[in-house]
Each structure stands twice: as C-alpha cells, then as structure tokens.
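Since the structure comes first, as structure tokens, the remarks are kept for the end.
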Amino acid sequence: MDQLLVTLKHWLVGLVPSQYAPFFSALLSVGAIAVVFPALFALTTLLERKGLGRIQNRYGPNRVGPYGLLQPIADGLKALTKEDIVPRPADKVVHFLAPLVLVVPVFLALAVVPMGRHMTALDMNAGVLFFFAAGAATELSVFMAGWSSRNKYSLLGAMRAIAQMISYEVPLILASVAAIMAAGSLSTTQIVEAQAGYWGCVPRWFVLTPWGFAGFILFMVAATAESNRSPFDLPEGESELVAGYYTEYTGFKFALFFLGEYLGLFAVSGLGITLFLGGWHAPLPALEWIPSWAWFFAKLLVLIAGFIWIRGTLPRLRIDQLMGLAWKFMLPMALVNIGVAGLWRFMPGGWERWIVCALCVGAAYLLLGGLLSGGKVFAKRVYRYAD
Amino acid sequence: MDWIVHRLWLIPATPLLAAGVSALLNHRRRRLAATLAIAAMATALVLSCLALAHAVEHPGQGSPVRQGVNFLWLHFGDPHASGTSLWLGWVLDPLAAAMLVMVSFVGLLIFIYSVGYMAHDENFARFFCFLSLFAAAMLGLVIANSLLLLFICWEVVGLTSYLLIGFWYQRPSAAAAAKKAFITTRIGDLALLLGMVWLYSQTGTLLFYDGGQGCLEPSALSRLAAQTTSLGIAVSTGIGLLIFCGAIGKSGQVPLHVWLPDAMEGPTPVSALIHAATMVAAGGFLVARVYPLMAAYPEGLKGVPGTLQVITWIGAITAFFAASIAVAQTDIKRILAYSTISQLGFMMLGLGAGGVAVGMFHLLTHAFFKSLLFLGAGSVIHGCAGEQDIRRMGGLRRFMPVTFATYAIGMLALSGFPLFFSGFWSKEEIFHYARGWISPWPLYLGVCAALLTAFYMARQVCYVFFGQSRAGVSPAPGAAGGQTGGPSHIAHESPGTMTLPLMVLALFSVVLGFIGTPVWPWFQGFLTGRSAVTEIGKLFEPDVLWLMALSSSIVFLGLGLGWWFYGRRPAMDAAEPDPLERLRPDVFALLRNKYFVDEAYEVSVIRLNAAWASACDWLDRRVWSGAVNLASWAVVGLGWLNRLVDEYVVNLGFDGSCRGLTEGGTRLSGLQSGRVQNYMRVIGVGLAVLVLLLIWGCHAG
Amino acid sequence: MTPLAAYLLLSALLFAIGLAGALTRRNAIIVLIGIELMLNAANLNFIAFWRFGPNPEALTGVVFVLFSIGVAAAEAAVGLALILSIYRHYRTTNLEQVDSLKG
Amino acid sequence: MTAPIAIIAVLTLAAAVTAMSLRNLVHCALMFMAALAGVAALYLGLGAQFVGFAQVLIYFGAVAILIVFAILLTRGTEPPREPILSKAWITGIAIAVVVFGVLSAMVLSSKALTREPGPTPQLPVHQLGAQLMTKYVLPLEVIGLLLTAALIGAVVIAMHDEEGG
C-alpha cells in the first residue's frame, strides 16, 4: 500500500522500450506533480473561501454543485474564457513572460519535495539549495509583472513584494540551516530519513526539539511572508494597492498568478514538513500502516488549514513593522537558533541538553522580543459595540 | 582539585555574559544591569579565589607550577604541513592567579563604587555593560596561555577603554581623548602584532606553555636566542622589543605616554579601574608573562639581554619624567594620572632590573592604592559637584572625613611611608635590585622620582584637604567660566556605596605590603615557585637596612618639603600662585606645561636657524661683498658677451624643450581623464599584451 | 577540439562580450553588468578546469568559484551603492559626464 | 560537448550579447539574468550542482534584484536622450575583439588541453563543507569579513547626507 504509487510507476515504465525509459519515468513524475498540485490548488481555494466564510460568520460559496463543491471548476472556466487585456503602454513581452516565470520555478521547487517514501521526483544531492534557488526566481517574476504593467500600483506592489521577499528569505534560509545541520545533508530525502524512529512513542521529528520548534515557527512565519499571505499581504493589499503587482492581469494570466501563489505555498509548506515535521513519517508507531504519502498530504492540509485560520484572524502589518520583524527579530533569532542547534549536536544527550537548549532559545526569544517592542506597554484594547 | 583548572574559562565568561545580556537589556533597567554586573564580578572573584587557593596548594619546586588547557581554534591550509594551526588555551600559574584575584577584587569594588558615582547618569546600563565587557577581556588576558588569545583580549580591552573614555561623548574633549587613547595605543599594538607574527613564523606556535613545545619553553627560547637578525641582534631580542612596544603603548611609557592624562576625561571609576589599576598594568603583565623571552640570552654568554636593558631604562626615565610633571599639575585626576605613569615606570624598572616577582609585587600594591586614590578623588569630585581643580578645593578634611582618612592612607602608601604601608615594601624591593644593576643611573632616577612622588602627594593633600575652602573663587582673575560669588556649594560626604570600597581598599593598601617584605618574601616565593622563609635577621642586614633608611629618608624629605611649601601656610585664594611658582617660576612653568615638548622643538630649531642666518649675513656683507663687487665688473663684461650667445643659441633649445614638456604634459594629463572607461581600455590592452607575452613565452620556451 | 578547449573558448567569448559592453556603454549600471559577466566567464573557467583537470577531487576550483560568487555579491552591493551616490550628486549615471576627479 | 550543452551555450551567449546591447536598461538586466541562468546550467552540465544552485540563489536573489533596484532608483527606465554607446565605442569593440583573439589563440595553441576528459567527478556537498571548514577556513573567514565590510560600506555610501552635502 505504501509503495503502491511507486510500483505503479515502475510497472508503467517497464512497458515502454528501455531507451525511452528514463524520459518516460521523468514524464510520469512531472505529470503526477502537474496533476496533483493544481487539483490540490482547486481544493484549497474552495477550502479557503469556505473557511474564511465560516470565520466571518457567512456561508461562503454554496451555489455551484452540492455545498458549492464545483465552484473551483466554475472559477477556472471563467478565467479561461475572459478577455485577455494588455495595457497599451505595457511592455508586452515581459508582461507575457511574468506569469510563466512564476509558475515554472514553483513546479521545479515541488520536484525536490519528498511526498512519500521513494516518492521524490528529483532526488538530488543539493535538494534544499535547489529549492531556494528556484524560489529566488519568483522575485524576478514579481518584478517583471509589476514593472511591465506601467501602473503605479503594480510597480509599488512589486517593490514592496521584492523588499519583503528578500528580507524574509534570509530568516527562511537560516531557519532551515538548523535542520540541515542536524541532518548533515542538503538532500531532502536524507533529511526526512534523519527524522525516522521514535523516542519511546514520540517521533524523532526536528520540531520536537527546542531549536527545531523555534526553527519551525520561524520558518513558517517567513514562509507566510514569502508567499505574500496575510498578515504579510502588503504587496497585494486590496485597500491600498488594488491588487498589487498583478493589478493589470486578467483572465488566464491572472489565474496563473493565483496558481503560482498557491503552488508556492504548497512547496514551502512541503519543505517545512520535510525539514521539521518528519516528512512522510507517521506521528505514532501504531499508525505506521497508513501509507507515507497520505501522511505527507495530511500534514500539508493541516498546515494549509493553519494558513487559512491565520488569514482569517490576524490584521495586516504596517510596512515598518514588517521590516522590523524580519531584521530585528527573525534574523537574530534564526542565528541564535543555528547556534543552539550546534550546541544540541555537540552536547551529550539527556535531559540537561533539553533544558540548556530550551533556556537558550527562550532567553533569546524574550530578549529579542523585548527589544522589538522597545519596552512599550500597549494600552488594553477597548472595544465599542453598537448599541 | 583540578576542577578549577578546567573551569578557568568561567572567570572571564561570567562578566562577558553579563555584558552581553545587559547590552540587550532595555536601557531603563538600571538596577538589573548593575546587579547583573556586580553578581558576575562577584562570581568571578569567588572563582579567582578558588584559582588562587589551587595555585597556593600546589607550590612548585624551584619553578612555578603551570596547569592549563589548550585547544585547537583554527586549522587551515594543508592539514599535513606544520605551522597551519592556531591554538588557544588558558593557564593557571601563580602569576595568573595573583592577577586574577587582584583584577576581580579591585573590579568588584569599583563596580560597587560606580553604582553610587554614576547614579545620576542617563546611560547607567550602558556603563555597566562596558565595564563588564572590560572586566571579561581583562580576565581573559590574564589567563591566556596563547599570545594570540592575549592579543585578542588586549584589543578588546583597548576597545572598551576607548568606549569608556569617550563615555560622555557629548563633550568634544572626551571624544578627542578617546580617539587619542585609541590611536596612540594602536601604535604600540601594531608593534605587538608584528612581534607576534614574527614569533609565529619562527616557532610555529603562539602557545606560551605546551608541554615543552610552547614558545616560552627552553627549546624554543634557545633556538630564538641563538639566531641573529640582519641587524646583529638576537631574534629573541627583536621579538621581545616589538612586544615591549605594545606594553609601552598600553602602559603609557615615555614616548607614548601622552594619551593617559587625557584619558581622565572618562568617568572616575573608569580612571580607577582601567587607567590606574588594571589595563595600564596589562603592559607590565605582558612583560611579566613573556619574561622568559625577554630574558633569553644565548648560552655561554654573560650579561643582561638587550630587551631588559631597554625596559629598565625606559622605566626609570618614565618614572622620573612623569613624577616631575605631576608636581606642577592642578587637576586632581591629572596629578594621579602622571603619578600612574610614574609608578608604571617603577614597575618596568622592577621588571627589567629585578625580574617578574619584583615588578609584579609593585603592580599589585599599586593597583590597590592607586585605585583607592582615584576613587577617593572621585569621591572628592562627587562631593564638590564636579570640581576638579585642586586650587578651588581646600578644607575638605572637615566635610569628608572618611574620604580624607582613606585618601591619606592611599597617599602614604603611594609615597612609600616606611614600614606600615605596602608601597614602601614594593618600592624598596625595586631599589634593592636597581642597586645591583649594571648601571647606577636607573637607581638615581628612581630615587629622585620617589622623592618627587612624596612631594607632589603632600602638595595635593595639602591643597585638597587642608586650609580653607577656596570654592567659588576663580583660579585666575578674569578667567571665563569661573564661579563667582560666595561658596555656592557645600561639600558633602559621599554615599555608602562609595565610601565602603574606599575603606576596603585602604585596608588592603596597608596589609598587602606584608606578603612581600624582605623578612617574609612569600609573594616572591609564590611567583617563582620557591617556598618563603621567615628571617627576621634579613631586616637587619646592612644592605637592606641601608636601603630602607635611604628610602625612608627620601619619603620624609619629600613629605616634609611638601608640608613646608604647602601645608605650613595654606593658600587662601585659588588665584594665589603656587609657592613653588614663586620660588622658581621658570622651572614651574616648564613642569606645568609638561616640559614644553612641542614648544621646545620649535624654539630650539628656530633659534639655531636664526643664528646661522645672521652669521651668514655678516659673512656676506663684510667679506664677500667686496670681493663680489670687484669681480662683478669683470663679470658684467663677460656677461654682455655671454648674453649674445645665450639669446641666440641656448634659449632656443631651452624654450623648445620647455614647450615640448608642456605639450607632453597636456597629452599625459589626457590619460588621467577621470573617465572610468578610458582606464578600462588601458587595462584591456594590457591584458591582451600580457596574454600575447604568455603565448610568446610558451612557444619560445 | 576537446571539451575543455570548447568551454575555454566559450568563456573567452563571454568575457569578450562583457568587456565590450563595459567599454562601450555609457550607463554605469550596464558597465557593472558587463563586469559581472566577465567575472562569470572567469568562474566558468574554474569549473571547467575542475571538471577536466587532472585531480578533480581537490575541489579547489569549486571552492574558488564559491568565494568568487561571494565577492561578486559584495562587489555588486558596493558598486551599486557608489552608483546611487554618484547619481545623487550628478543626477546622471552616464559615465562620460562623471569625469571630475574631485567631488 | 553534447547538443543540449551547445544549445545552452549559444543561448547564454545570445543573452549576454543582448544584455550588452539593448536600449532599455530593465531589458538589459533581464537578459543578464538569462545569461546567468545559462551559466548556471553550464555548471550543472559540468557536474558542479552545488555551484550552479548557489549561482542562481545569489545572482537571482541578490545581485540581479540589486541591479533592478539601482536601475529604478536612478531613473534608468526613462529612455536616454543621448546615444547609449560612448564616443569611443569603436576602440572598445576593437579591444574586446583583440582580447578574445589572443585568448582564443592561447586556448587553441595550448598543448595541455588535448588530454581526454575523465568521468564526471562527484561533488559531495558534505566534503565541500568539510573542506570549507578546514583547508579553506582562512579564505572563508576573509570572505566573511569582506562581506561584512561591504555591507557596512554600502550602507554608509548610499546613506543620505543629512546636511545635504
């Protein structure tokens, strides 16, 4: 059951002549990714709209199909049939290329995420580095979209987005360095393998160590900012910049941007699962019988639900708060975390290691947090209700 | 009981941690910052005492016991080649143990004192952060078993010194003084760095003691002493001199002493901790630490190594030079600053002439009584609302009895008052060794300096504590900024956090001397690893007795002279000239202006020039004119002839070449157009030419 | 022609293109881009020599390129900061107008 | 040199040429990035995966974005009023051609390059890291220092003068 999909692929590959086998195998992997994740994207949009609706005390989509389940299909058809408008002064070529430059690297990044045992499309030596290299291209696409539209809102949104993504890329990478150090490898598969096994019945996931917990939180916060999601959605804040860098996009290109954003979210969540949440491993020894890929997707869905929850709950940050958080809190915290991971590696095992590492992380958190708030004491928020 | 040896790193680590945490603290958490710093320092003191106990428990047989831990810091380059790794480490030996206790003890007292002294300062937390950082670096310097680690701490100490001198950076004078201190000491540090690199290239290690492999152990030393450089001096001498240059900079010895008086712009606890007790003594400690290198001498030869000679001379000159300047200063802290320089000179004299134990003993006693004096001065300044001019003080004996009593003890210790004060014993010891040295002059200079020391301390105490209060009277008639009107501020005694450290320090200024007397030279024995023998008879040997009589009489003479000039009839008015000034205004002005070093150069050079010029003038008018006049007529005739040749033959060629030069210059200046791309073009052409040459060379070869 | 020679020729061509750009364009930013291209050409050389050299297990070429990339990042940061401050002063990034040797 | 590599090489060169010759600065920057991506692909073709990814990460993520920001901050997107080439462009081209000529002459005349290539060497990331921390630790430290200095220097240079000087 666990290796069902892998066996299926091998069987299919065995059907074609051997000289075409590698090519066919790659095609199958790419095909699987290209089908599964857009489908997941469709599911997520629905989930998000429904979830936000419930949070905001309304129903959400409920007209197309039973419980509105077919809403994503309707949305997709609408996007495909809409007129594709390109502004007259726009830089046509760059305007056309921008969504492609976004979507292609995101698919590439998904290729190194291990979705199950022996289910990494592209298992390479420097997988995590490849992931971040591919992620760097999204900044380029954002700039291309914003600049080529010849629209003030687009350009401002693009500049905000780039500044934000560059700032948060640093803590993102540094947070993952801790896990990479602990696993001793840049290969995503080997990082997951390093988290196999259990302490008693507690899984050996990195998130269950002091540095891993801090690293995971840092990673997820940075990932939220990287994918321009609320509360870090300044680049596309509707009330300020219409829609940010893709203001001038319509129809299918707009849909591509939307797809790219969500796929980026999946990719970075997948990496978070790989680095900290034990990848495809089951949380309890008793649950090992459930296939590994099911665990991966279950964790992915949990993280996505978390993102939706955060989006429905937190207000948007101000730009100075955004930058302050990245440079004054996340970056030093991530650096401290790397040090603590090193300490963890070199200290003899046992409960002392737990206490010392937890104390280090906690002290850093308190100090940096105090520094960030600058000792300001905020007045208690007062709510006024309509009579 | 090797526990402390392996945990020695904790001693600098605790203040470092305190510094790190208080750096991150909100600056309003004043009480927490001070508590942290003092707690860390107290921990360091406890650990230092453990280290001292450990060192005392393990007396050496003829040589001190050294225990330490070395670890690899960096390994670079080819792993199989030698000299590609840098080791760090710490060592616990009597020298380090004694210094550790001194630094952490004095440091702790000064930290406590600072709570009272800096109570009203806005940047209280920052001050304690810097102080803790300084203490960490200083303690690290003391335990270092590697010249590299020592150098790192040395530089951090210099940095914190810079930060603390310029602590009140709003004052331009403080900022300037901080820069001056930093840059002046950097000159010495450069030499130290060079010496370190040279040592590394010669021995391949920077560890001091490494089980026979270290650079201060006999195998390396004999190798260093046997080699000579192109200048004909031994390599060990060259390295030793370079390292000593670092000590000159840090300890304010003569050529580089200028920064230390200016450093008094910092808060007084800083002056006490850094610029009197510990950091400036680091130079002495450095010399003591690398003493084997300084004393290395080729086998089979007798004599005094060149490095030690230089150290002795510089020390003696500094001692006298600075003491004489201190006589004429009027700023209470500057007097103490020059006194510090002078005492550091004594330490160097002791190290050069007598060895580690002699210099270190004076270093230790000096640390206590000089920090006592500085803290007392700080108390006085605090009580007088920031007044630092001794002419405007006076009569404080009645208002600040505790400060007066402790200050008097410090003053007697510094002057070397016989038998009961620590300064007497350590100074006496230095004289003892200087007497046996190859030249008598360092002894004479030292004795004069001791006389002056007693004199200027008596002068200071008379001015500050005796007579009538002269506050509120401007020092010079018409001086701007002077307070006018009656005594606007009644001096008051300082709070308990300030007087308590004073009393503790005063106690130690007295008793510390008794661990190193000729009767019971425990300290000297401790440092050199020999057991001390109590010999009452030693006191009555003619040699010792003679010296004791000499130094006692010097002290009495100095104090008596001071009393005669200043105490007998105290000055009533701040504007009143100094009695010494009335006696010999020229000498006094010389001293007050620090020997006019700059002015002296200028005056002498200009005078010489003017005299030479007038001599030439006389020669010109009286002797040459006649001859020239006679000759000129003949020359005019010739000249007329010459003109024809000149105009039509020579000038043409000359003008032509001039024109050529101008044009060439214009063309060449075109090359320097300021356009980057022109330069890049030239680089490109150069690249092509180079590659062509390479190809040609390959084919030719 | 061996692969190494082919890579070296490629890198020489890339270098020449970068050099031509750096020498002919007026805009300082493009000149900087040209310089970066030249640097990349040199890096390509290192990697090619590492790949086809006699002892690839030494990793010297790879490490050198990593350092060179780091230096290039520093260079770009400082270079662009300089261009920005020049732009503030002269209101131009045209290198032909920026030829005064004093500020 | 296999066909895919040759195609990448040609594309890289084409991107480099356009990056150096287009009028619009942003287009130049974008083509520059394309050239860098080509070089990174060449690194991959040579078996240096790690270097290729590091190249993309650093050049795309940092250098290219910096260049784009600099272009926008210096109003580089406005079409230039003057010609884009400098007055002495002919000499520039000539020098570049000469440099290429001598370099290729050197490459072609070298006898050391006729060695047949061995198998593609492995580039284990683990070993690379270990060597960076042992054999090359001093250069690594120096690079770290250089980057810090460059960071501070860039901030200081680009900082606005408060006095308006």
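Which chain is which? They are A, B, C and D, in the order written, and residues in each are numbered from 1.
The definition used in the following text is that contacts are C-beta pairs under 8 Å (C-beta built on N, C-alpha and C of every residue); 3 or more make two chains touch, one makes a residue touch a chain.
The structure displayed is predicted, hence computed values, not measured ones.
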Report task. Have a look at A-B versus A-D and report the one with more C-beta pairs in contact. Result -> A-D
Requested in this report: Give, as an integer number of Å, the spacing between the C-alpha centres of subunit D and subunit A.
Outcome: 30
Requested in this report: List the centre-to-centre spacing of subunit A and subunit B in whole Å, with centres computed as mean CA coordinates.
Outcome: 59
Query raised in the report: Whole-Å distance, subunit B centre to subunit C centre, using C-alpha means?
Result: 49
Query raised in the report: Roughly how many whole angstrom separate the Cα centroids of subunit C and subunit D?
Result: 5
Query raised in the report: Residue numbers in subunit C touching 2 or more other chains?
Result: 19, 23-24, 95-96
Report summary line: Shared-interface residues of subunit B (touching two or more other chains) are 677, 681, 684
**Report entry** Listing of all chain pairs that touch each other, if any do
**Finding:** A-B, A-D, B-C, B-D, C-D
Requested in this report: Using the touch definition up top, name the residues of subunit B that touch subunit A in the complex.
Outcome: 21, 24-26, 28
Query raised in the report: Can you name the residues of subunit D that touch subunit A in the complex?
Result: 24, 26-27, 30, 33, 49-50, 53-54, 56-57, 60-62, 64-65, 68-69, 72, 77, 123-126
Query raised in the report: Can you list the residues on subunit C that touch subunit B in the complex?
Result: 19, 22-24, 31, 95-96, 98-101
Requested in this report: State the interface residues of subunit A toward subunit D in the complex, per the touch definition above.
Outcome: 91, 94, 124-126, 129-130, 132-134, 136-137, 139-140, 143-144, 147, 159, 162, 166, 169, 184-186
Query raised in the report: Can you name the residues of subunit B that touch subunit C in the complex?
Result: 672-677, 680-681, 684
